[in-house]
Amino acid sequence: MTRISRTPQWLYGWLLLLPSAVLLIAFTHYPIVRTLYNSFFTTPRGRIPARFIGLENYQALLHDEIFLRVLVNNFLFALGTIPASVGLALLMAVWVNGTLPGRALARTSFFTPTVLPMVAVANIWLFFYTPQVGILEKMLAPFGIHGVNWLGDPSTVLWCLAVMAVWKEAGFFMIFYLAALQGVPPDLTEAARIEGAGRWYCFRRITWPLLMPTTIFVLLNATINCFKLVDHLFIMTKGGPDNASSLLLYYIYETAFAYWDTAYASTLTVVLLGLLALTALVQFLYLERRAHYR
Amino acid sequence: MKSVFRKAALAGVLVLAVALCLPGLSRAKDIELTMYYPVSVGGPITGIIDGMIGQFQAENPGIKVKAVYAGNYDDTRVKALAALKAGEPVQLSVLFSIDVFDLMDEDVVVPFDELVASDADRQWMQSFYPALMQNGMVDGKTYGIPFQRSTIVMYYNKDAFREVGLDPETPPATWDEMVEMGKKLTKRDASGKVERWGVSIPSTGYPYWMFGALAMQNGQELMNDKGDATMFDAPACVEALQFWRDLGAKHQVMAEGTIDWGTLRQKFLEGATAMMWHTTGNLTPVRNGASFEFGVAMLPAAKRRGSPTGGGNFYVFKQATPEERQAALTFIKWMTAPERTAAWSMQTGYVATRPDAYETQTLRQYVQEFPPAAVARDQFQFATAEFSTHETARVKKFLDDALQAVLTGQKEPAQALAEAQKGAERVLKAYR
Amino acid sequence: MSEPSASECRGVGISLRSVTKIFGAFTAVNDVSLDIAPGEFLVILGPSGCGKSTLLRLVAGLESVTSGSMLMGGADITALPPADRRLSMVFQSYALFPHLSVRENIVFGLRLRKRGAQEVAERLEIASRLLGLGELLDRKPSELSGGQQQRVALGRAIVSKKPVCLMDEPLSNLDAKLRNSMRREIHALQRTLGITMIYVTHDQVEAMTMADRVALLDGGRLVQHATPAELYSRPQTVFAARFIGTPPMNLVPLHEAEGGAALEPGGAVVLPGVPGKGVLLGVRPEDIVLAPGGLPARVLDTEFLGADLLARCALAGGEVLVRLPGKREVAGGDGVRLVLPPQALHFFDAASGRRRDDILCGA
Amino acid sequence: MNDRITRILETLACWTLALLWAGPLLFALWAAFHGQEYLTRLDPTAPLTLDNFAQAWATAPFARYYLNTLAYTLCTLAGQFVLCTLAAYAFARFRFPGRDVAFMLVLVQLMIMPDQLIVENYQIMSALGLVDTIAGISLPYVASAFGIFLLRQTFKQVPVELEEAALVEGASRLQVLTKVYIPLGRPTYLAYGLVSVSYHWNNFLWPIVITNSVTTRPLTVGLAIFGAPESGVHFPIISAGTLIAVAPLLLAFLLFQRQFVQSFMRAGIK
């Protein structure tokens, strides 16, 4: 015991934390601060150094049609992917958790897209959407739908990518629901069955409310993912046509690494971080509220 | 089990340590050149380049060249610039011909005029097709030497031409002819589903490039020589864009919406389009993949014929030492010698960059056996510079967006091009 | 589904006919037949894994029988879904819905069956008065103590006014003191309501104190179905003998001897007229008396229980536990004399473990 | 009766959905093993071929990409295990001033990953001279908030008595960590390991920003470049390349499905 008292606890604690702290600060906190700082300057070019311009970059945001477009796109993309993937995930989880024949195979099938890289998924799906020769064209032809330029039409491209994202993500969210469903004591549904509750009633009054924390968790995850998921754009559309499928993070990449306008990219990043922080705040407030019933 | 865990952790730490030491291995005494090269990955071209480098090193002891294949043109520019900014040793690169202004603005390239010493060298600089030199020259100085160069040509399906009673040896020479023939070539089934389009001009990837051709054919360049002004909203441009859109919207010989650059070749090979505009760089893959007889033609004319060049030039970077610069020059001269240019052209389908290459025995024979290989050369007399300005990527983006907006029916040509022009002005006025 | 009127809520009888449940290769319930009278309090008793919970779940309809049938009030319910069986159930974990308040938990079933608001309020009122839940109605289950949660679970069973109530070890999660009072409360409640109760437990005290009759299960089989008194005084098998009573009955193998049975091979006859071969002698510790003239024994050690003293005594042929009331002063090492009163002796067949009522000592 | 019909309908719906979900991958398999001419003609008698794989393998240096991915993934994982273990132990069992604030700051990374800070992180990496190195890809992920959080939860569940018993027996704090906490946290390590490997194996945005050359480029980046050549795409070969890239993780998943699913569950529940 003497040994412990000789090395003070607080020193021990900080020493253990040190390596992680260094890396976290270097690659998370410092960049965040730098991002904010740089957003008030111009981009240094060649021999011209950066110059302080206050809020000019932010004013430029408001007049940047592409920025407004990608923001709206991100919102639509979220709208197209989140409810569908979460809803399907729940359905899958209920099925896979039940007693249907072949459910193990179904679970494999649902979950597999999760372990594939988005780039690979995009490679495969690109051919689905190719007009004239693609799979989708061949599959829909018997229904009289043909000649649709899925990725080349601003009115369809975003939804096509959303469908693909749903395919990729639903299985991932299914896992959380599956875990939650397995955590629901069977007693509860049995008690309800004795009272005469049907499956739907059971689901609506018991399972669904009990899954609420999971749903919130999954929803937040899905929201965050919407801001992170851009890999497929590199393969499929490069954000086109006319920015119809571009998303905020992809625009940041373009601005930073194709136009080398790092200051403006920082400004865009600040917006992205703001959105993520907002999501975090929602989660935090929700958890606060939930705290006194658990 | 505990010890397994500990060993695993230990191994992990070791691997990490080794990985941290991986970069920066010792350098030999030879002059080492690092060259960024735009090719997607390995594949035939990597092999060819590596083979050429090997031969060069054998003939020039004391100079080592390392090629870094960094993806497409945009990726490679990004990577090369990043490496330069980070102070990595990079002495030369093959980069997009149109990156010249950006490279100058970043103050990283050195003009070849400063490198050459002898008259022979100066003569070498004059030996390339003038059309290919345009993009490399700024203010009378030469910053880029053409190497992996291409232009747009029209591939067409001769079997399809025969099928609808057109002469397979007479491809369309004007816009009107292209529309007329396109109408004949467009095939629909009973339900109205299009089985084959007449013509396809890709509008993702490099829409500005295709548009450069259309505008030129309509008698209009897109930018000035100094790269600080664009002419997007010129009436001839609006007209050209209107024509492009009309191919789909009015004449219905082309699919509406954007047409994907990457998958277009597949569609052509599957017979889903009778004609396609594409890079000459596609010649060899099309030749290998086509199950029908195909032809290659010059792009049709409106007021004149025209096609922008494209592709990559050699650049030498300022941060190279004088010895490295000379070594780089030696390498570039070697790479662009007529016989190697000829071999390169035959292997890849890219154009030979100098007339005397076409005079070599091998290439002359090749062209005789495979006439399409000469189309690009023949087109050079009508060729112009590819679109290139200061902050090219960004200015290009304004144009690309406008083109796609029009092709997808979001905007009218005049309005879209006026907006693009406004955007370009905003960026470019800083450079005047 | 017909909702019984208030008067119908009096208990109904239940009959199990050769009920068997097989899970894969495992037979959980093996050919159990039982009759439960209307308003009877039946306790299904047995060690863990004996199939008692499964049997209860079969009655509830949460599992389907592999073979056999079940009748309730004379009607076959074997194939009915749980909701149509006119029964309520209290789970070991109480199965309270964590997201619903106490009130909502209690009236869950009534709401489900769309009972009128007034009726719901009345029944809730009665149940909460009976169980003293008035203050707690708006709380969430997680804000209640174990005992309170238990009451809510009971409340849910009461308001449904079903003629049969099933309880699956409802007191096992409570501490000893609370268990005593809840036991009494449940018993009183069942008497008041007059419902038929099937109550599963592994605790013999609960069984003995509450049951009208006990069904003792072992390895999925019904070992004995009898009143607590009978179960205690006439255990039908060695298993029953060992399971009931604290400490359990002493069981000593007998040996054949000339004219009776001996405690050790070739020993003296201690039980004249009793066939010794293949017979186990059973005697409860509290029935053994210390008296002169008994069998000689030596006290090995003692355990002080307050009112009683438990003495482990070595007897020829084995050990027995003796429960000595009052302040008998014996200590380890003492020699004592043990008398086994003939009327308190039980005999079992050593091979089958069955009770042998044909043997009478001293006859 | 009604129940049975519902059940049959549900089974059919479930199977349909499962087929839809398996479809794209099955199609990729089809495309990769058949010639160009069978790309959209799903003729079961079509001859199988490995040509596409041979060509894909010859076209891109996949072996090198594998090596890079493996190095990057394992380095990251090893670093994460060590650093997160130490930090989690500190948060779980030590009291020190600023602990709660520090923990909050760690959690920031749960929301804002290095993937969103590409612009600044790239500049930091070039300042450190780590552009185009395996370490450059790895480092931003090595101190992982997720890992710290997960392990802290696990360590907190270890009864303090175990640590006290070990201390009484004369173990040092570090020995307590290696002899008590780490062995008891094994399931968490496995879960976190699988999640981390899948994440980094599939990671794309940061690697494409930070790598320049074949010698560092991981599979995903190689695949992206492979999939979008200048002259146009050839789907059978791309499918083959795609399968080559995803094969190890996919096979591992199919073989150890239970562990994967449970790990993702465990990591997700927190």
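Note that the chains take the letters A, B, C and D in the order they are written out, and that residue 1 is the start of every chain.
What we mean here is this: contacts are C-beta pairs under 8 Å (C-beta built on N, C-alpha and C of every residue); 3 or more make two chains touch, one makes a residue touch a chain.
Worth saying up front: this structure is predicted, and the values here are computed from it rather than measured.
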**Request:** Would you mind naming the chains that touch chain B and likewise touch chain C?
**Result:** A
**Item:** Farthest chain relative to chain A (centres taken as mean CA coordinates)
**Value:** C
**Request:** Report, in whole Å, the distance between the mean C-alpha point of chain A and the mean C-alpha point of chain C.
**Result:** 56
**Prompt:** Between chain A and chain B, what is the gap in Å from one C-alpha centre to the other?
**Reply:** 35
**Item:** Geometric centre distance via CA averages, chain D-chain A, whole Å
**Value:** 16
**Complete:** In chain B, the residues touching two or more other chains are 82, 262-263, 266
**Message:** If I count partner chains per residue in chain D, which residues reach a count of at least 2?
**Reply:** 82, 122, 228, 233, 235
**Request:** Throw together a list of every chain pair that touches.
**Result:** A-B, A-C, A-D, B-D
**Fill in**
Listed in rising order, the residues of chain D that touch chain A in the complex are 7, 10-11, 13-15, 17-19, 21-22, 24-25, 27-28, 31, 39-40, 82-84, 86-87, 89-91, 94-97, 99, 102, 105-106, 108-109, 111-124, 139-140, 142-143, 145, 148, 167, 172-173, 198, 201-205, 208-209, 219-221, 223-224, 227-228, 233, 235, 238-239, 241-242, 245-246, 249-250, 253-254, 257, 260-261, 264-266, 268-269
**Request:** Provide the residue numbers of chain A that touch chain C in the complex, in ascending order.
**Result:** 185, 187-188, 190-197, 201, 205-206, 209-210, 212, 293-294
**Interfacial residue positions of chain A with respect to chain B in the complex** = 45-47, 66, 126-127, 130-133, 141, 144, 146-147, 149, 151-154, 237-238, 240-244, 254, 257-261
**Prompt:** How about chain D: which of its residues touch chain B in the complex?
**Reply:** 36-37, 58-61, 71, 74-75, 77-79, 81-82, 122, 126, 129-135, 138, 178-179, 182-183, 186, 189, 212-214, 222, 225-226, 228-235
**Asked** What residues on chain A touch chain D, complex-wise?
**Response** 1, 3-4, 9-14, 16-17, 19-24, 26-32, 34-35, 38, 88, 91-92, 95, 100-103, 105-128, 133-135, 138, 167, 170-172, 175-176, 178-180, 183, 217, 224, 227-228, 230-231, 234-235, 249, 252-253, 256-257, 262, 265-266, 269, 272-273, 276-277, 279-280
